[in-house]
Each structure stands twice: as structure tokens, then as C-alpha cells.
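Dropping a structure here in C-alpha cells format, bear with me for questions.
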Amino acid sequence: MLAARGISRRFGGVQALDGVSLDIRAGDVRCLAGENGCGKSTLIKILSGVEVPDAGEIEIGGTTRSRMNPADALRAGIQVIYQDFSLFPNLTVAENIALAPLIANRRKLVDPRRLRARAAAVVAELGVRLDLDATVEELTVADRQLTAICRALAEEARVLFMDEPTTALTQREVRALFRVVETLRERGVATVFVSHKLDEVLEISRHVTVMRNGAVVASGRVEEFDRNSLGRAMTGRDVRDQRDAPPFDETARPVLRVEGLGLDGAFEDVSFDVAPGEILGITGLLGSGRSEIAEALFGVTPAQRGRVEVGGAQVAIRGIDDAVAAGIGYVPSDRLTEGLFLEQSIADNVVAGSLDLHRSRSGLLDRARLARTIDTFFAALRIKAPSVAAPIRSLSGGNQQRVVLAKWLARAPRVLVLNSPTVGVDVGSKEEILDILRREAGTGTGVIVVSDDIPELVSVCHRVLVVRRGRIHEVIDGERVTEDSILEGLSS
Amino acid sequence: ACGSGTVGQSGPPGGDRNLAPEDMRFVNVVKLVGVGWFDRMEQGVQEFAAGTGIDATQTGADDASPEKQVKVIQDLIAQRPTAIGVVPNSPEALEATLERARDQGILVVTHEASNQENVDADVEAFDNRAYGAQIVEGLASCMGGSGQYAAFVGNLTAETHMEWVEGGLEHARANHPGMQRVVDPIESKEDESVAYERAKELLATYPDLKGFQGSAGTDVAGIARAVQEAGLTDQVCVMGTSIPSVARKYLEDGSIDKIFFWDPAQAGKAMMTIAQRLASGEPVEQGTNLGIPGYESLTVSPTNPKAFYGDAAIEVDRSNIDAYPF
Amino acid sequence: MNTGRKNAAWVNRLRGRNNEGVLALTILVVVALMTVVNPDFFTVSTLFSILRNSLVETVFALGVLIVIVSGGIDVSFPVIGIFAGYTTIVIAQSGGFDPGVLGALLIAVVIGSLLGLVNGGLIARFGLPTLIVTLGTQGIFRGVLLAYIGSRYIAELPAGIAQLSTTDLFVVQQGQVAARLHVFVVPVVLLCLAVHWLLQRTVFGRGVYALGGDAESARRAGFPVVRLQLAIYALVGLLAGIAGIMHVTLSRNANPYELAGTELDIIAAVVLGGASILGGRGSVLGTVLGVVLIAVIKNSLILMGVPGTWQRAAVGVLLVAGVSIQALGARRKAAGRRAVELEEARA
Amino acid sequence: MTMTGLDATTRRVVGVLQERRSLSRLLALALAVLIGFSVLSPGVFSSVINFQTIAFTVPEIGLLSLAIMVAMLTGGIDLSIVSIANLTALTTATLFVAAGGAEATGGHAVLLTVLFVAAGLLVALLAGLFNGFLVAVVGVTPILATLGTMQLYNGIAVAWTGGEALYGMPDAFLAIGINTVALIPISFVTFVLVAVALAVLLDRSPLGTKLRLVGANPTAARFSGIRNRRVLLTTYVVTGLLAGIAGVLIASRAASASPDYGASYLLLAIVVAVLGGTNPYGGFGTVLGVVLAAVTLEMVSSGFNIMRLSPFEYTIAQGLILVAVMVLDAVHRRRRGRAAPPPRPEDPAPSGVVKEEMREPG
């Protein structure tokens, strides 16, 4: 139905794809797995006409071509949920969903009522809740992802590519999506699914293709793989996956103490301590208030009530500046918007938060020290890039996230708050990032991980707070931190 | 230095070059090139060149900004012409540049800049205040010697325009006590549409307004449009500086009553002729006859011994418009 | 709680997607203030006069709106306008024929579109930054106009146009002064409606918004981005051509030195009208209000009795105040939206 | 290349590559212009006096272009620079007139000059601060804020002087604009010193990097603990000061101050800034590039004047240069072929990255 033959693509010094071949048959659900930067997205972009390959052929519906453009691909029935969504932030959800088909059908006029009706039908079919008249930029990341999914389903597709479609979704929405995939499969639509969540991969797909460094290294029926073998195929080594929360001094004075924190409409009466070296997890369903707590601690949307003590001294967090001054660092969940300067270099991104700490006595930047800092973190965090001068835009997700981490580690914060730190990060990188957190905690930093990735919480956290409806519902600690107990806390 | 009101007695600056006409090069730098007024001036310069055999040309910038004119003159300095004529956009902004030109032995003759310091001579078509008085006298006779009038200038920073307007106001105060100027001079930004808008606003604000004095060439045209549209062609007098090509249509339909100007061709010729006299060591002084209509007997300015006035103002109304084809 | 939310939504609706409401309110406040200072301000004649002063700017602003919404910027449009307007007159004169109103319009539109296509071609073909291209072409166009087509003031327009110059839609006699509404308000209103329809109801128009929202996404969604950009800049040129011939007609002469230099004012009016300089946002209504606000500010100072030497400063003060009110209003709106969002998250 | 030998701030960004390329292209252009005109008009273009002329004219436009560049680094623009320059000049001139400064000589004159220039620059600083206030605190889009203040500052200048130009500065002051040291105009020396200082500020101080980061992504800057408001305020103070220094040079060269000087500089300064490789949408730009661009355009303009070409032809040439440089760049980029296309300055950030001033509580 759609096939790639020997596709290669080079970006500057990076061989993103190196002779990749792939066959997609009607009714197949094929998973593309691989570490960050192994070329999954690039392959999808080439098959959907967004990127042009250096070499190789694309076979579609019996004809062979060396390149395509997006319109060709759309007309051939190829739909894509892009990793970065590729939505129009300034248009409404309805338009984002139903506009593209009009172009493919070469229509000239837009009838807003029909357009909205079409979008409504798609949203209903998927069984999700979306405000059709909201502009996409007002949406949460999860709703944006849903919008991107709906758009791909608006047209009858023959091949549907989903590049990490579930990163921001809740269980319930993931279920709904899987049901749709199943229906499409029955109708003969082929789906190519990319995800770093191995459980999902094993659950939804029929076939698995594993890529590494731009080449296919394993391919087969899903039954031939399990978590471990899949991880090994992707990374070339065994991926450790068990709980490892290094010990810390529980009696030490807390580095962070939060008492009675409250913000109208978001959370209420939130109190907890974090000891130096402790890794505290905060979890909850989407909309439970977990993210808002993190944002309040960093002063993005400050709390209205309650007190915060850092290192024993009370601090009033009225804005980001207060939080930074108090020694709090924050790794946001939306790293593209809030974490990174995409066009700027790795070097600039790493030091963006600590420029003032790198002054020499003259008040100018101490360039030697600055270079040392950059190189130290570039090496210590094992950021994969040709040089520190490379723009962030050219890095893979896992590496981008390491840069955001480096930015805060360079300030040596007393408390580091991370919001969904491993979203879209491959299993290998994820384990390395968690290791970085363990090491950082080892230096006496208090670490707070806000996440809904339960295995991840189990892996690193000493203690997990479960938030429901804006309140701390349960505190799970010590040996009780298991996937089951957290799931129970979330759903009970 | 020369309180006597004579320039050029000491011979040309930069040593006794005593050049033959064909070895001389004169360049006239105008406010901006391409517009009717300065095209007409260029004709004068060309006539001068043809008559004397001197290589005389005209140049300027593409808009009337002082900084561009400075640049044009500075670039000329590198070419060392014998003399430059300058019609400054902003006399004060040119002082240092003109000084540099003179330091390089270049003769400098200006026009429309009676207070310019770093010049060898300045020639004016007339005394600006007297000219302003002449315009307001015309307005007075049209308005019957009394009533409200308003005055426009191209820019509040344009010194000559301000002198015409103030000279006119003094004349009215002294001779026509019944005449009142209603507001400070209004700025048209040398833009006809602005003059039009302002005139409309003035007519709305001062229902008894009976006269307008324009200064920029397009002022009277804009004012005339406003007056005509308000149906007040016969009730309101419009006069001021302009050129026939701009004003012709309104003079013919009566919405402009009279325009005043001087012939730029003659002025350009006068500048070049003075430059030539200075270059060949002939003096210019009170009473000098340049042999150009309007410049047959120069008057020394009472305030600046290097500035000379002609008597070249021209009044044009419907009856004699056809004599001025520019 | 619920009513609070409804109120917030209602207030947001009133403000409009692009803050048009705040702008309208600002205009009302300014007009009210002026009327208090000088009761004579509030007359039909003032109204007509402000409308007339906004005609040409509005047409230019429509073009600027389209290009700004598409995420680009064009600073060459006034030069294109006067190029088209002046050249049309030169053609008529040298050809010794009277093209009539429609003929003149046609010539101007063709010239404007062609020049716009030059911009579009450079931008779309080579993927160049729009500001830089149009800065370059405005110099080229202006130079070509003045050097090779003409630099003289032309006082006599072809008869058809000359007649249109003084054609009014209607005239209201007010004491000594007659208030006239020029017939051009009709085509300008039609143009506004047409551009509104184009932007809101056609795939092309939504493509302009999509392009301004995210160019790469637009490409991925199958929009023919290159053709879209060509069309956008040609359209800006076309509108500039119309504005240029209108300007010549209204001023009853053709002066090639005019218009150049007004680009920043018009861009500012469009941005004031709620269009985002970063693209993707803006409306015809907002644009018209932006143009009108600036016209009100600039054309009422004599009526206000502001002395000549203070007029420029007064325009500055009013402009700064106007844009500040608008900015504060936009900020409130963002804050309001966040409150609603939080509540919904909890609900 | 050793990692440690690399210096963080100099090798920032692609940038690095891209900027170097645009710099070398500009340099090639400058040399071509220099050689071209020297051949076409031997003895005149390449004369000392002509280079001196160019050195006299570059500082004013160069400083104003640098001001535009600084504003563009943050993704903004400052349209009020020419008004600020004139306001500065008028302040200094007014003080000289009031103090009867024209007659001052020797040490007294020097003292007055220092004092009054400082006062002028203070006015420039305040004007810049007000721009910064509008942009950073009130949240007005820079193009709107500075369009308003451009009119406002110019209006204040007109009201203050009644439109007349002011004279009466002592020779000690005029020396700045007129005198030369070893054939090099003092104003050019001043310009070079200011440019070097600015380069140090932008490349070596924390502020420089912050400025670019705020321009690149204001939201991420806030989330990195950068105080956007303070950075923006400083930005517009710096542009104001640069404009102020330009104003001092203008006044000392023209021996006078007027509210209407330099109107044509505004668009030209924008042209020079973008020709010098500044990205109008923020994040990229170098002092060296802008200086090179200013010198190049001034040379072209001189060459055209000397060749007796009409100013209209120069306008055309200026536009052609701008477009040609950009087109060459684009073609070159394509020919490099398969390499990743450097992000177009215009490409809005990928979806999700909404370039919007970040929500700032309180």
C-alpha cells in the first residue's frame, strides 16, 4: 500500500536516515520504535511529503516516486499526527480539524457552519470533549494533541501516521484513541504508531519496527517482543527498570516546606516537606491541580494563600524572580514554549538561567568559566550533538530535555521542580535523566517530580503525593511506593 | 569682515587660480531634484553654462532632507569644483560642511539663506519681510482691509516661510489694524493634502475667516480646494507663494486670487553669475548689475554684508498667468 | 460563580477577538473629550471630514492587514500606490487620451498588482524575509518612478478623474460651511466588506491566517504556500494601486513625492487595530477602527484650539495614550481568559 | 577544535555559521564597492579627502543603525531614535545658549561641553526609559509605542523651539563634529569607540545574551529567571543613548540643533541594520555587521555622487543591493544542498510555541 525503499536523509553532519525500507500493508498497525533522534519522525515526514529524501524511493498505490509534496500525500490518503502537532495556534479547533480537507478537495469557499458540523462529527466519533470555538493557543497541551488527532481523522485516510500521539493524554483518552485505531484497522486503514511508552507499543501494534541511528535494526510481529527485548533492540543494551531511590538523611531539616498553599480554582490546603536529597513525586489526573502546584512554587501563577520556606527561611513567591532568588529551579512540561530557545545554541540555552552567576569582577561575563560550565554539563549530561554551537532545534527530544535540565543544574538550585520531565523521551534517555535526578538529589538538592508516568515515579521517588480535585488525597511513601498503590490512589 | 557690503575684492579664495571659463566647474546644489521649481532653476543654470562656456550643472538629493544635502555637498568637496551654489534645506545644518568646502578653496554662493555664515556671497530674490508684506498687502486689498486671516508655512522650521509670514503680520499690524491673524502659523508639512485638511478645520473653527496666506508652493492649492468645496470661493481670499503650474487651475476658476513668487531660472542664473564674478576677481557690491531681470541693482542686506537682494518678486493672477510657463 | 463566568465571556465577546471593542471605546472616549472641550467638534462636517481623511489610508490598511495576518510585513505599499497612481496619469497624458475612471482604475490596478508580484516573487521564490525584500523594492520602485517615469507635479488630471475629484455622495449645508461626503466612501466600504469576506469565508483567506499562525503547519496541511504568498503580495499591490489612484483623484493632482514615508503610520494603525505584528491575527473591523482613531487624533487639533507649535506634541500624546489604553485592554483580556480557564479546569 | 577552547558567547548559535557567512559576504561587497569605484573614478573616490568625507558621514547613520539593531535583537524596533537624537541636540544647544557658551574658550568651554553633553544624554536616557516603560511595563507593541513617542519627542522639540534652529555652541563642542586627529574625524573615532563598547556589552556582558534570549523567546526567558521587563527597559535606554550620541554628533557637525534634522535617517537605519544581518524578529545581529553595512552604503552613495549619477539611481542601487545580497544568500543556502535549511527568520516557531509576552503575574 505504502512502501519506503532505501530512504536516506542527511542533516548537516547528522545522517538521520540511512537506507531505511519499510512496508505498510492495509489493516496493519505498525509500531516504529527507537531512541530519540533515531530518525522516526524524519521517516514519517518523508513519507508524508514534508521532507525530501536524499536517496531512495517511495512506492504508493503502485506508483514509485523519489519525492512527494504534502498535497500529493494528502490526496493519496496519507494523514499524519505530527509530533509537534503542526496546528494553527491562531485558528479555532473546528478550523484546525476541518480546514485541511477543503484544500485537498480544492474548494474555494468556506462555509463556517458546515465546517463546524464536520469538526463536531469527528470529535463526537472519537468521543472526546473539545471546545470547537476555542483557539488552539488557548488549549492545554492535551487538548492540542486531541485536536491534532481529530484533524487526522477528519478525512478518510488510507495510511495514518501517529508520531507520539499519546504523550499528553490521560488513560481514558488513550483508550478512546486505541478504540479508533482498532475500528480503522477493521476498515483496512493502516496505522503507523510511534511511542516511547513501551506498554502502549506492545498493546496496540501488530508489527514492530525498531530503528537505531537511522537504520532499521529489528522488525517482526509484536509477539516476538517484550519490554526488555524491545528496550534492548532500541538502545543496544539492557535497560534497567526497577526502583532505585538512593537513601537520604530523613532527619535533616527540610530544604522546602510548604504549608496550606491555596489558589482559587486550582488547589487548596497543600502542605508537604522535602528533605535535602529527597525525591518527591506529585501525581494526579489531568486537571487535578498537580501542574498548578508546581507552577505556584515557581511563581508562574503564584498561590494566594499559605507559606513556603526554603532552607528554613520563609519566602514570599509572588513571581518567578522570587522563586529563582530563593533557589528554586523549574523544568516546565512544555519545553518547546517555556523551556528552550529553539534557534539559539546549546551553549546559550545551558547558561540562560545562570548568566549572572558567571560574572567576573568587572561585571562582564567570565568567558572561561562560562565555557567550563557549558562543557561540563554538555559532557556530564551526555548531550548528543555535533557541538555546543548547534541550535537546539536540531536536537532530539531527549537531548533537548537534558539541555533544560542543564540550565537549572548550572544554577545549583536548592529545590528543583520538574513537570513531566520525561514526556517524549526514549527509554534509554529516560533512565539517564532519572539517573541525573538521583545524582542531583545526592548533592543535597530537594527534587520534586510532577508526573503521571507511574513507572517513572516508582523508579525514582522516595515519596509520592496523590492530588485529587486540588487537594492532597494520599501520601505514599517508602516501600509502599508501587505502581499498584499509586494507581489505586488515583482511581479510588 | 567686510563691513562695506562688498565681496570678492580680494580675488578668489584658494590662491590666484585665474582660470579660463572652460576650466571652471560650477555645481548648483538644490533642495531636491526633479520638481518643477528646481527644474526651472536648472534651465537657468544651463542657460548660464551655454552663455559663458563654463561647465555648470545642477544636482541635489531625492528628497528635501538636510542630511542628504549635506552628504551631496560633502561628496562634491572631493571633486573640488570651482564653485558651488547651494539652496539649503536647512542653512544651519550646512554651516560646517560649507566651511569645509571653503577650506578646500571652493567658492560658495547661496540662495534662500540670508543668514548663512560660511559663504562667499548670498543672493536673495528680495527682502523676505518686504515680500511677506507684499503678499499681505495683496490680501488686504482683496479682503477690503479688514477681517480674519490665517497663515500657513511648509514647516515651522522653515526660516524663510516664517519670515514671510511674520513680515506679513507686521505689515498688517502697522497698516491694516482691522486685519487679524487668527492662529499661529499652521504647518502644512509641504503637503497639499495637509494644507487642505487644515484649511477645512480652520473654516469650521473660524466661520468669519476671510483670507489665507500660503507659503509652501502647494499650500494655496490645498487651501483653494477646501475653500471651493465649502462654496466660499467668492467670500474668502487665497494668496501666497506658489508656482504657476501648481496654481494655474485654481487661479483660473478663481479659488486662488493671486500668487507670488520669483523666477527660479533667474535666481539660478544670478547665483552662477555671482560665482563667476567672484572666481574672476570682480567684486559684488551695493548696486551691482548682474544683467538678469530682477537683479539689475543689488541691495546689501542691513544685517549681513555678504547677502544681496534683488527685486525679483512676481505677482501673478488670472490675467497674466500665461506669461509663466513653468 | 456561573454568572461570573458568563459575565467574563460576555465582556470578552464585547472586546472582540482582536480587541475591537476596546478600540471602539477608546474612540468614543476621545470624541467625547473633544466634544467637551469644543462642542462644535461634534458635527456632520467633522464626521465627513474624518471619514474623507481616512479613505485612502483605509484602502492601504486593508492591504497591510492581509500581509500582516499572513505573518509578513510590507513597507513598499505607499510607493507602489503612488507609482500606480502617478504612472496612470502619465500614461493618460502621454497617450493623449482620457481613460475614464474605470480605465484609470484598471491601469492602476494592473501596475500595482505587477509591482506586488515582484515582492511576492522574491519572497516566495527565495524564501526571503519580507521586511528586507520590501525595504529593498520600495527603494527600487521609488527610484524607477522618479528617474524614469517622472518627478514632476502634474496639476491637470484627465477629465474623467478630474470630475470624480469633486463628486460628492451628498452634501449637508451647515451655516457657512458645506459638509461633503465624497463618493469614494462607497467603493471603500465595498472594499472593506470584500476583504472581510475574502479573509473569513474563503479557503484563501483562512490560508492567510493559517500561514501567519504557523507557516510550516500550513505547508504540511497542504496549503500551496508559494502561490499563497504570491497572491498575498499581488493583492497588497492591487489594493495599493487602488489607493494610489484614489489619492491622486482626491488630491486633484499627481505628485510622485507624496505617500512615500506614510508606511509606518499605516502599519501602526493596523497594529493598533488589533493585528498582531507576528502574524495570524487581525480583522477588517479592527483595522478600520485603528485608522479612524488615528484620523480623529490627527485631524481635530485646530478644532481643539491647540496652538500650531504644540500640534505635533499633542498628536504624540494622544497616540501614546491611545496605544497604551489598547495595550492595557488587551492585557486585561488575557487575564480574564486565564481566570475562565482555571474555573473550567476545576469544573 | 577543543571543547574548552571554544568560547560560549562567541560561538553562540548557528548563528555562528550564518552570521560569519553574512559578515564575509558583506566584507566582500564592501571591497567590491571600494575597488569598483576606485577604478571607475580614479583619484577622486580613492582620495584621502573622500575617505575623510565618508568617515564624516558614517557615524551618524552608523549609530542610529546600531540603535535599531539593539532594539531588533529583542524582537522590537525603535522608531523614535531620530526624535531622541534631535531632542538631545536641542538640550545641549539650549544649555549653551543659556550659558552664553559660544564665547566660552579653553578649559571653561571644555567643562561646559562635558556638562551639557552629559545633560543632553540624560534627556536621551529618559526618553529611552519612557519607551522602555511603554514596551516593558504597559505592554505596548514596540512599533506602536515608539511611533507614538517619535511624534511626541519631535512635538516637544518643535514646541520648545517654536521650530527654529538653535545656534551658539563653542568651538570646543563643534570640534567633535568638525576636527580630525591624524586625518581621522573625531566623530568617527567616537563612533568606533561606541561601537566597541556596544560590542562588549552585547558579547561579553550578561545583558547582551539576555537581550538576545528575550528576543528569541520571551516566555522561555521568563521561565529561565530572566527579568524581561528589566532587560527591555535597559534595551530602550541603550537605544536612546545611542540615538543621543548620534544627536551630539549631528549638532556638533551642523553647529546647530533643529527638530527637523535627520528624518530620512530612520528608514535608512532600518535598511542598514537588516543589511548588516540583524534579524528583525529578534535573537540575531552583530555590531560588526551593522558597521560594515553602514560603511558600505555610504561608500556606494559617495561613489554615485562622484559619478554624477542621479540620487534616484542611488535609491535604486540601494534597494538592489539589499535584495541581491539576500537572494545570493538564499541561492547559496540552496546550493549547499541537502544541508538543513537554517530556520527562516520568518518561520513562526513550531505550533505550540506561541510567541507571546508571557503571562506575568501582578
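Some notes on this structure:
Residue numbering begins at 1 within each chain, and the chains themselves are lettered A, B, C and D in the order written.
Keep this in mind: a contact is a pair of C-beta atoms (placed from the backbone, for glycine too) under 8 Å apart; a residue touches a chain by one contact, two chains touch by 3 or more.
Since this is a predicted model, take the numbers as computed values, not measurements.
The most distant chain from chain D, with centres taken as the mean of CA atoms, is A. Across C-D and B-C, the chain pair carrying more C-beta contacts is C-D. If each chain is reduced to the centroid of its CA atoms, chain C and chain D end up 29 Å from each other. Separating the CA-averaged centres of chain B and chain C is a span of 37 Å. Centre-to-centre separation between chain A and chain D, using Cα means, comes to 42 Å. With centres defined as mean CA coordinates, chain C is found 43 Å away from chain A. Taken residue by residue, chain B touches two or more other chains at 33-34, 62-63, 156, 187, whereas all remaining positions touch fewer. Across the assembly, chain A contributes residues 86-89, 301 that each touch 2 or more other chains.
Residues of chain C found to touch two or more other chains are 142-143, 146, 151, 212-214, 216-217, 279-280, 309, 311-312, 338.
If you check each pair of chains against the touch rule, the ones that pass are A-C, A-D, B-C, B-D, C-D. By the touch rule above, chain B contacts chain D in their complex via residues 33-34, 57, 59-63, 65-68, 70-72, 74-79, 90, 92-97, 99-100, 104, 155-157, 159, 162, 187. Within the complex formed with chain A, the chain C residues making contact are 200-207, 209-210, 212-214, 216-224, 279-281, 337-339, 341-343, 345-346.
Looking at the complex, you find that chain B touches chain C at residues 32-36, 39, 62-63, 156, 183-187, 191-193, 196-198, 200-205, 207, 218, 221, 225, 228-232, 235, 245-246, 248-249. Across the complex, chain C meets chain B through its residues 40, 43, 45-46, 49, 53, 142-143, 146, 151-153, 155-156, 166, 175-178, 180, 250-253, 255-258, 299-303, 305, 307-309, 311-312.
Remark: chain A residues 9-12, 54, 84-89, 136-137, 141, 144, 298-302, 318-321, 324, 330, 332, 334, 336-345, 347-348, 351-353, 355-356, 358-359, 363-365, 367, 370-375, 378-379, 387-391, 393-394, 407, 411 touch chain D in the complex.
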